[in-house]
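One chain, chain A, appears in both complexes that follow, with chain B as partner in the first and chain C in the second.
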Partner chain A sequence: MTALIANTLDERPARRRIGRPSKIAFLFIAPYLFFFVIFRIIPALSAIALSFGSYSISGKIDFVGIENYQRLFADPLFWNALGVTALYTAVAVPGSVIFSLFMAQLANRSIRGMRVYRTLFFLPVVTSLVAAGLVWRWILSDNGPANWFVGLFGVPPIPWLTSGDTVVQSLAIVGIWGGFGYFMLIILAGLLAIPAEFDEAAKVDGANAWQRYWHVTLPQLRPTLLVVVILSFIGSFQVFDLIYVMTSGGPVRSSYSLVFFLYDQGFHYFDFGFASAAGVILFLITFGVSAIQRRLFGDNQS
Partner chain B sequence: MAKRHKLVTAFVGAVAATSLLASCTTTGSTDPSANPEDVTGEVTMWVYPYIDEAAWWADEVEKFNEDYPNIDLEVVVQPWADRDTQITTAIAGGQAPDLVYFIPDQIGQYASQGVLADVSDVIPDWSVYTEPAVEGVSYDGTIYALPILQSVSSRLIYKPAWEAAGITEYPTTWDEALADAPALKDAGYYLVDYYGDAGPSLNLTFYPLLWQAGGDVLSEDGTECTLDSKEGVKAIEFLQTIFENGWADSTYLTTGPDQNAPLQRGLTAMTMSTASGTLVQSGIEPGDDWLSLPPLKDEETVTYGAVGSLGLLEGSPNKEAAKVFLQWFSQPEITREYNLDRTYFSPIAADTGLYEEGTLQAGEEKQLDLVKTGVSAPNARQIMDLIKPQVQAALLGQLSPEDALAKACTDVEGILQR
Partner chain C sequence: MRWTRRSGWAPHIPLIIVAAATAFPFYVMIVMSISTPGPFDLPGSLIPTKIDLGPYIEAISGANLGRWFINTVLFAGLAVVLTLFLASLAGYAFAKKNFKGRDILFWMCVAVLMVPGQLYLIPQFILISRLGLVDTFAGLLLPGIASVQALFLMRQFIRGIPDELLEAARIDGAGDFRIFFQIVLPLCGPVLATLGIFTFLWHWNEFLWPLIVTRSPENYTLTLGLNSLKAQELSFNAEMAASVITLVPVVIVFLIFQRHFVRGVMTSGIK
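What follows is the complex of A and B.
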């Protein structure tokens, strides 16, 4: 009987069998998968479920259907927060990509002490954004070093953090500073992976430096840049700690982001169902953009 | 069998503790016939740092255990920052403490969520506490926490500023203060400090002025927003006059207090509403240069005062032991010691004269009956967050006072109607 079953199993050509290397690979990713499910998937699914309920911290949950979403879409504070987040993203994403690309180019040179420079460039990434935010708050204050510096060129003081017209852009600059080291490393890895032969062939064909960069290097970096764009987008849409420390969402709510809104609704006002609905919308936006990126990346591969 | 034994023990313990509590005749006294050794349980309490709390509480736990050797009391000192996040996640995760230090804004919010237990039976006669103290720990007619501390956000006068301006008599009203402001400005001092940023609580900034003008945020029954009144407009116009004339630093309309603030640099003639304890915690050593005076008067003489309290969580499995601790801590001498070490005031009405005459604290103590404990509503904080940006917009000149307050009230009404 055992032999019969074994033979039957052996006669299933359509079903792929997990070979030893695959099993070992699975063994390696299993711990990650376990914690990913526990700390990401289950909370995410719980949040989706919670967005259809009214949750009291005493543990009581009442099903309210789509009421939280109706309230959310009718809440001007939500639209304001979404607008602020979109503006922040519109400044931070291109800024991050361009600045990281520039810094990666600088770091992709064989000069003495380059490792030290690369480490220095990476330093903001490992610096606490809360601590950095406090320092930046001082730098960008009305009487701070930033205004002293622009004053050297005859520019009048800029209300970096104290005007609704400039606060989001100022925060985005700090955000770019905080994240460029990470993106620079990704782009640097992409640059190093481009075969030198491509550049040499273009050179033989008579292309100048700019033409080689524009027509050879950048197209080769496309997948890498797409990864950077999507990571930067997700990070920008989730901006919170920087704003919390530097402006508390002000002045007059002009830097009140979507995650700040979510945090207030949940942990300040205990309206967890409503906060979850905002979280689901945030998830859908980032998921949608990720899906577009995936599609673009897939097209590139094909 | 073991389970039954445990149940019997728990029952006996509960009866003993209940008898003990029921037999109390005054705060801090216990029935000598009750045996404290019969009361058992493990109590965890979260407190927040005013001083070296760990060291202070270690001594208190020792004293408590001399009276109640079978109650295991653990005191955990938590950071002030994000304390609601800590509490809510602990409750949701089933890891909540039994007792937590609360202020009045939190009582209504947590009580309305059903997570606070009624502690009315801990004290047989609540009239021994000051009125603001009882008000600050009550929600919807029920007492949810034991008051252990009172503070007064007083008007602290920086004497050198007034001397430099040649002013010998301190103002007592808004008009007098405005009249003194030019001389102070000429002498290089701001009249007051005011923070319009989204960070600081309105209890310490705008609300005291609103109350002084004779207004309030909500109607008495808490169902209507009354902010958009002539009193509210008057409070904003008072501030506008101050900022337009440079009598307060307008930088702090858009940023929170920091080490560069005029107050920290000795450039402010008086605070609008600041507890001397807060002054010390912000790094200013008051000394003889400072004086505490009653708040300025427009229509009323009133300011904000916090009530620190210990609330018992409804989900606590050790309610009786926790109540025994609360009852023990309510003894006037313990409450007094707690406040003396933190330079605050005992909420027990008869326990006055804690500080030597002539000190800042002695001046503040005389103002305990001038305080309000904030807005009594389950969503007091959400209401405050809706008002903050509108007041800020008016002070920045983006909205007229009338429009700002009308907009704030529209937002607040939306919350009240929910």
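What follows is the complex of A and C.
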């Protein structure tokens, strides 16, 4: 479940509500708070603490300062994972955003069968990535349907998942397949919220369809696109399930992503402190890039 | 809804191409799940000539599919009940009650939203193993039930309920719990439905946490079980049959509650 961070942040702090301070309110929040503190707040803080420590099987944590971070930055595996993740993101984010924008435009009209189209486009979103990964692995295998299809056009077989040069791009295509229906719906909601008068006014002024789209629709869609870019960026940067099922990080670690690295270090080598440091870096990158995107694309918002 | 002017058949061409490409993996899954295992040729193998349920029999007898299915139903079902219960109670307090520390707590939740789930994995795992809950149902279920997104959605919705309604009930002598269960909760029907469906779906497809916390094959959820089939001596066709079995409940839920899905995404970006 992806949070709509933008929505919640734009909301002003809760207004004062009825009546005087109430003690009974604590009874209402106590059950939630119990699980929230134990399984969210404490782990989040521990992760940061753990990244500066070394955890031994006995459960003792020794403070080691920034040693985990030093090791991390000296580890070629980490840089490889960062590079793989960046490449995946660089393909998946623009691909998802442009493709969903295009599809939202197409889907924003009343033609026969539109409901069926939209249902189909959303189907991959509700599909388990493990199940999707299994079938895509076969489709993209060397003798699979994808190569049969490109062969029809005289293209020689492509080593989709078996070459380090193509594997990340192939995974990103599957990622786009899995998410565009969701982004398309968000953009569609944004399109429907633009008052029709704007478009009509531009039409009266003699703007052609392309000019109206470029100068009227797109600027109005900017906040929506910002949300889509951020959500798609966060999702791409945390890619794991697909890779785990389709390539296990291979061939030769060429699809070994950052979350895969974290999983491996934490749950195969049980190097908890080191893996937590990787988690903190992951957090800082997603947080930082989202903030930059907000600044770049959201500047004409309040 | 505003529609652009009526168009001819031209927009259908790109739509049909994309629809075909989107549906293709599902088509492959279904066709292969009813084909006899063995060497394949393309495109011949993708055009079904007869139905062979062998792969389903192979999947069900070769793997513990029934058990995994029950585990997943219980996991997703209980997660929905508990998530909605905790979030609606707390959402009511955050929306309609005044208490000390409310705004601090609220912003604490906002801050937690920014933290990617992977950062919690290791401390959560340490916690669960200290509690002796590794490879148990509780260990699988409990860490995820205090959902921040659910809390926000509930709070947002309950804020829209007019105060006068609650005041009237209070004047009639109803206490907070009666107001909550007899007035607030029934009014929350639509948001509970949307939230419930997404929570169900999310847990049904969840992979990373079950992968970490589950050990024995009899405690697997369907996604874990599906993943484990790769290492087994099952045919590709049986893998596809197991995938279809994993997808069918989700697709049914999706088709029935499609309206809620679309509304959920379009109004709040929930996923």
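Note that in this section the second predicted complex is superposed on the first by the 253 of 302 C-alpha atoms of A that agree within 3 Å, B and C clash if a C-alpha of one lies under 4 Å from a C-alpha of the other, contacts with A are read in each partner's own complex, and residues count from 1 in each chain.
By definition in this document, a contact is a pair of C-beta atoms (placed from the backbone, for glycine too) under 8 Å apart; a residue touches a chain by one contact, two chains touch by 3 or more.
The shown structure was predicted, so the numbers you read here are calculated from the model rather than taken from an experiment.
A.B. asks: Would you sort A:Gly59 into first (chain B), second (chain C), both or neither based on which partner it touches?
C.D. replies: Both partners, chain B and chain C.
A.B. asks: If you stack the two complexes on chain A, which partner ends up touching A:Thr217: first (chain B), second (chain C), both, or neither?
C.D. replies: neither
A.B. asks: Give one of first, second, both or neither to describe whether A:Gln169 is in contact with chain B, with chain C, with both, or with none.
C.D. replies: neither
A.B. asks: Tell me which partner A:Trp177 touches in the superposition: chain B (first), chain C (second), both or neither.
C.D. replies: In the superposed model, A:Trp177 contacts chain C only, not chain B.
A.B. asks: With the two structures laid over each other on chain A, which partner does A:Gln293 touch: chain B (first), chain C (second), both, or neither?
C.D. replies: Neither: A:Gln293 stays clear of chain B and chain C.
A.B. asks: Could you tell me if A:Phe267 is touching chain B, chain C, both of them or neither one (first, second, both, neither)?
C.D. replies: both
A.B. asks: For the three-chain arrangement built by superposition, which of chain B and chain C touches the greater number of chain A residues?
C.D. replies: C
A.B. asks: For A:Gly249 in the superposed arrangement: first (chain B), second (chain C), both or neither?
C.D. replies: Touch partner of A:Gly249: chain B, not chain C.
A.B. asks: Go through chain A and flag every residue that touches chain B in one model and chain C in the other.
C.D. replies: Dual-contact residues (chain A): 59, 138, 143, 267.
A.B. asks: Quick one: in the complex, what on chain B touches chain A?
C.D. replies: 82, 84-85, 88, 91-92, 109-110, 113-115, 197-199, 251, 253-256, 258, 260, 314-315, 379, 381-382, 385, 389, 392-393, 396, 398
A.B. asks: Touching residues of chain C toward chain A in the complex: what are they?
C.D. replies: My answer: residues 1-7, 11-12, 14-15, 18-19, 21-26, 28-29, 32, 42-43, 46, 85-87, 89-90, 92-100, 102-103, 105-110, 112-127, 130, 142-149, 151-152, 163, 166-167, 176, 180, 198-199, 201-202, 204-205, 207-208, 211-212, 222-223, 226-227, 229-230, 236, 239-240, 243, 246-247, 250-251, 253-255, 258, 261-262, 265-271.
A.B. asks: Quick check: in the complex, which residue numbers of chain A touch chain C?
C.D. replies: It is residues 1-5, 7-9, 13-14, 16-26, 28-29, 31-36, 38-44, 46-47, 50, 55, 59, 103, 106-111, 113, 116-132, 134-136, 138-139, 143-145, 148, 177, 181-182, 185-186, 188-189, 192, 196, 227, 231, 234, 238, 240-241, 244-245, 259, 262-263, 266-267, 272, 275-276, 279-280, 282-283, 286-287 of chain A that touch chain C.
A.B. asks: Along chain A, where are the residues that touch chain B in the complex?
C.D. replies: Listed in rising order, the residues of chain A that touch chain B are 56-60, 137-138, 141-143, 161-162, 164, 247-253, 264, 267-270.
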